[in-house]
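Below is one structure; the comments refer to it alone.
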Amino acid sequence: MLRRNLLKLAGAATLTFGALPAMAQNAPAPFDNPGDVKIALVRYLSTGDFFQSYLSGVEQQAAALGVDLRVLDSRQDAALQADMVDQAIALGVDGIIIQHGLTESMKAAAQRAVDAGIKVVAFDVDVENDAIPQIEQSDYMLAKLALDQAIADHGDDFTAGYVYVPGIAPLDRRDVAWKEVKAANPGITEAAQFGTLDNPIANAVANQARSVLQANPTINVMIAPFDEFAKGVKIAVDEAGLSQDIDIYSADVSTADIAAMREPDSAWVATVATNPAVVGEVSVRALALMLAGEDPGHNVVVPPTLITQDFLNENDVKNMGELGSKMPQFQHADVATADWIALPAR
Amino acid sequence: MGNERFLNFAIKYGFLILLAGLVIFFSLSTNGFGSARSAVFILQSVAITGILALGVTCTLVVDGFDLSIGSVATSSLMLSAYAMVVLELSAGSAILLCLLMGAFVGLVNGLLIVKFKVPDLLATLGMMFLLIGLQRIPTQGNSVATGMALPDGSTAEGTFSPAFLWLGRHRMDFFLENLLPVPVVIFLLIAVGIWLFLGFTRQGRLMYAIGSNERAAELVGTPVNRYKIMAYMISGVMASIGGILLAARLGRGDIASGTNLLLDSVAAALIGFAVLGAARPNAFGTAVGALFVGILLQGLTMMNAPYYTQDFVKGAVLVIALVFTFYLSSRRSAGGK
Amino acid sequence: MNEIACKIRGLEKSFGQNHVLRGIDLDLAPGQVTVLMGANGAGKSTLVKVLCGYHRKDAGTLELGGHPYDPTDAADAISNGVVTVHQSIDDGVIPDLDVATNLTLDRLTAPGARLFVRDRQLRQAARKVAEGMGLTMDVRTRVGDLDVADRQMIAIARAMARAPRILVLDEPTSSLSAAEAERLFQLIDRLRAQGVAVLYISHRMSDIRRVADKIVCMRDGAISGIFADAPLDYEGAVSAMLGHAMTDVDIAPQAGTAPILEIEAMRLTADGPKLDFTARDGEVVAVTGLLGSGKTRLAEIIFGLADAPEGTMRIDGKPYAPRHAREAVARGVFMTPKDRRSNAVIPDFDINDNMTLPFLGAFSRLSFLSRRRQRQASDDMIGRIGVVCQGGTDSILTLSGGNQQKVIIGRWLIEPCRVLLLDEPFQGVDIGARRDIGHHIRETARGRATVVFVSEIDEALEIADRIVVLHEGAVAGEHVSGNIDLGLVVAQVSGQATGTAPGQPGTGVGTEGQQHG
């Protein structure tokens, strides 16, 4: 949905300023002639709001730079994704963004691309290659910020329910922050841990959360570091009539999440998010820097932003577009930038 | 002789006794399990899969199968959200639209199977994929929620109407205040309805006849094709009702494949074979089967068992139920001649 | 003859409260065909199933050639040399595989079989077996594409390939034509000469006269008579089986009143001859003929299951052209199809539901069935047609074949009809049940036209006022009961309308002498 907003704005900008990006003339090679630069986005995951939004960020930044973007989508087929890297090599692209995937299947393919003289960046997949910068949204920071907010609201003495499914990389990284916070604050007790990825996830988590609330009436904080989890917990809390007594802290955000957080008496008080579109933009910019011979650094981290229910209410934020305009640090990350790189029009 | 009687008793009541045993075990070992509210929670957690399972039971009765129910439910979820949020229709028209969609999908499934002779598993499998894709086309793969941006640049202003959300969230007073959620009431009504229909009406009896010996049913003048199509339409409508309740509970149109809904409801229907030693699809068994899975999951969650044990337990229950159904019943019927 | 291949002493078997075998003593001698006769429900099938390892005995002893024998399953029985050909043909063959594979399947499963199938060798071996049986089809034909009779021959041929010491044949001729049956009898003669002990179960007197060396009668789970002295006392055997002497069929022929079903200038096949046929109110017409004579096709056309290329039908003078069974039933044309297991019985249902299936509408109000009214109608019919059961809520599968058939016929007698079609109603039905059914059909015949399609002439004689003989889609002759020249009927059936034809394969005329040469 963000993507469409941006498309509309980009369309308007294009009409106003003409088709060519403003600073193309001053850009270093090969961006002095950006129409000849071909880049490919090779995706592993694509279904869902996050990935849609990420794609729109990539498309926006690519359009702002004026480069030719190819999107190859393997739809969770690890082998196909590796083949698609080879396909991109055969297409003669200058740069490749690898978006998610499995280390085992992508390592060799990424190396082949590097060997072919192609610049590669990887988002959220470790391809164990020094020549390939990692674009990351810091999952650790996401969870850490949310937990800091929980401690700010409730002090270091509360009973928590924790939603977690081990074995999912981003959730595992978020789990590290929770373990640290628990160790550092002996007053925080984890009364129950649950979680499931059965879809619809929110519905399945709601069923579980209700049992947990029934069995553990002392819980006053729910840590749900994934917005689908938070949605499910919120349903359960509402159904149990406990929305006044329990606060939910989560990670990630979407238009629907904003609506849920802003419901009257919503238990969902805070979430921490990185704008996936910004991550997409940063991925393209990092790749552009490499193509121009500059070094974006091996780890390009996109910092997350804390979004509280109070902020949303005070600024009457209704959707992702408004969140971006009311919260500039959410709309843009000052990462992997250069004078010659045009930012997407807003 | 005593052995025989024991075997018959085990086939008939074994599953219900196991169910009662579980309830007692969980009540003793966890706090808060044995209460009216907890019972209602269980009912609510199985209401949606239960409704889907009752639909699939109708197709099992005519010796068919419907793999598309999960995706019909999620399509209905998306469609209701789309109708209200984007098209800004009323709750009533959104519901009607979903029910029509379910009936239409059932009709197409039925026609594929009886007219075009596509085997039931393949026809409904195709329909499943088709719907998983189709439900994402209007929103380009995004979830539907108020405030979402539309392709023409505007934002969607419609909201889920309170009347619609009432379906998923309201609780009726029943002995205790705010006890019975609406989905549970709908589930129970549908369960009773399907039970009466399959067990006590002429149409239900003929559907069982078709499932048992299609040729014989045809030779006594039963319009076999019409009944088969009807079974798939019932299944489609039930799945769309499940989707409506899901949408009302979630308050948004989440994209989801519905695979888990499919698997859970099929499991419930198959477990139902074992209840009361019926050894064939039946509405009462399906409802008990759904409840059985719900009780296990609720109890395990309360005991802090991790999510993967839940799948394991579901699978184990299903296997035991199938053994009850097929092994013990075949031993019993070997007594006939 | 003093050596005994199989010795059975005090054999007992119960299912629940149902004491099916109550102490059976039986000896099977090598080189002898022992015919086992018994009404359905007498326990014949159970005895066979114990012998072939399908059921375990409860009490008693079994000995094979002096050694104790207690088969744990079918494979065990076969490895002991006890081979059974079951009544249900498709138990004996694998329809999706070709003839060659079917005939040599045991070699494929034998220990030490090669990993890869050598098709040519297999086909050669199969051809040898087939020739030994007098089978002429291409061994590469898929068995499912063969007709019933050929499939039956394949099933028997497979049993032969195992070189049995004891061969059990459970109603083997029930779906064979006369010529094919004769091939089977010749085979049995050969096996007898080789010293195989044959246990032969049949209802057909003609078969029994042809092959029996000894007749053993069963009734109510016990042996009720053994006849071993030549000449065999067939009358005695039948009365031992039924508990009373068989009286000759006596039919007071009804001429019938107004015509109900009229068929004019109908071709059964596109290039077949034209045929006229009329059935009148109150009469029972038997249509008989060989396999392929068009008798099944005629039944299907009248019931709306097949289309006639040409010709018209009328019922009570009004045009009648049903497109499917539903329309036929709506016009008052009812049919009990042949092959009740696949065409008529609802295995999951009890007797009540099976009985009332066609007319559920009459037993329901606002679609809701009245269990009580169903039960009343069904109990009433159980009593009238004489179904032997504990009650209407028994599963239909607990009944013997004859009793199942009574239920299936009874279902169409609950409501009055214009035309009642019975296609092979006596298939797998014992003589007792057959007489009950025939009696009841005749008794209720008034007010409708009844057409019975049978291949056995003695069955036709037993039930019909008028016999119509079909041959290759044409009416070869008509005979009114009470004045029938059996020789002529046989000739017409076999297509040699001028005079009797000695040496023609027998058609099982029960009251006439043997015709097999």
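So that you can tell them apart, the chains are marked A, B and C in the order they are listed, and the count of residues begins at 1 in each.
As a convention for this text, a contact is a pair of C-beta atoms (placed from the backbone, for glycine too) under 8 Å apart; a residue touches a chain by one contact, two chains touch by 3 or more.
Just so we're clear, the structure is a prediction, and the values are computed from it rather than from any experiment.
Put simply, the chain closest to the centre of the protein, by Cα centroids, is B.
For chain pairs B-C and A-B, the one joined by more C-beta pairs in contact is A-B.
With each centre defined as the average position of its C-alpha atoms, the distance from subunit A to subunit C rounds to 74 Å. Mean C-alpha positions place subunit B and subunit C at a centre distance of 45 Å. Distance from the subunit A centre to the subunit B centre is 35 Å, each centre being the mean of its Cα atoms.
Residue positions of subunit A touching 2 or more other chains: there are none.
The touching residues of subunit B, counted against subunit C in their complex, run 1, 4, 196, 200-203, 205-206, 208-209, 211-213, 215-223, 280, 333-337. Contact residues on subunit A toward subunit B in their complex (touch as defined above): 1-5, 8, 46-49, 52, 165-166, 192-204, 206-208, 210-212, 214-215, 217, 231, 235, 238-239, 241, 254-256, 258-260, 318-319, 321.
Remark: subunit B residues 30-33, 35, 37-38, 41, 44-45, 48, 74, 77, 140-143, 145-151, 153, 155, 169, 171, 178, 181, 246, 249-252, 254-261, 297-298, 301-302, 304, 306-307, 310 touch subunit A in the complex. Residues of subunit C touching subunit B in their complex: 15-16, 18, 20, 45-46, 55, 303, 305, 324-326, 328-330, 335, 337, 342-349, 353, 357-358, 360-361, 363-364, 367-369, 395, 397-398, 400, 411.
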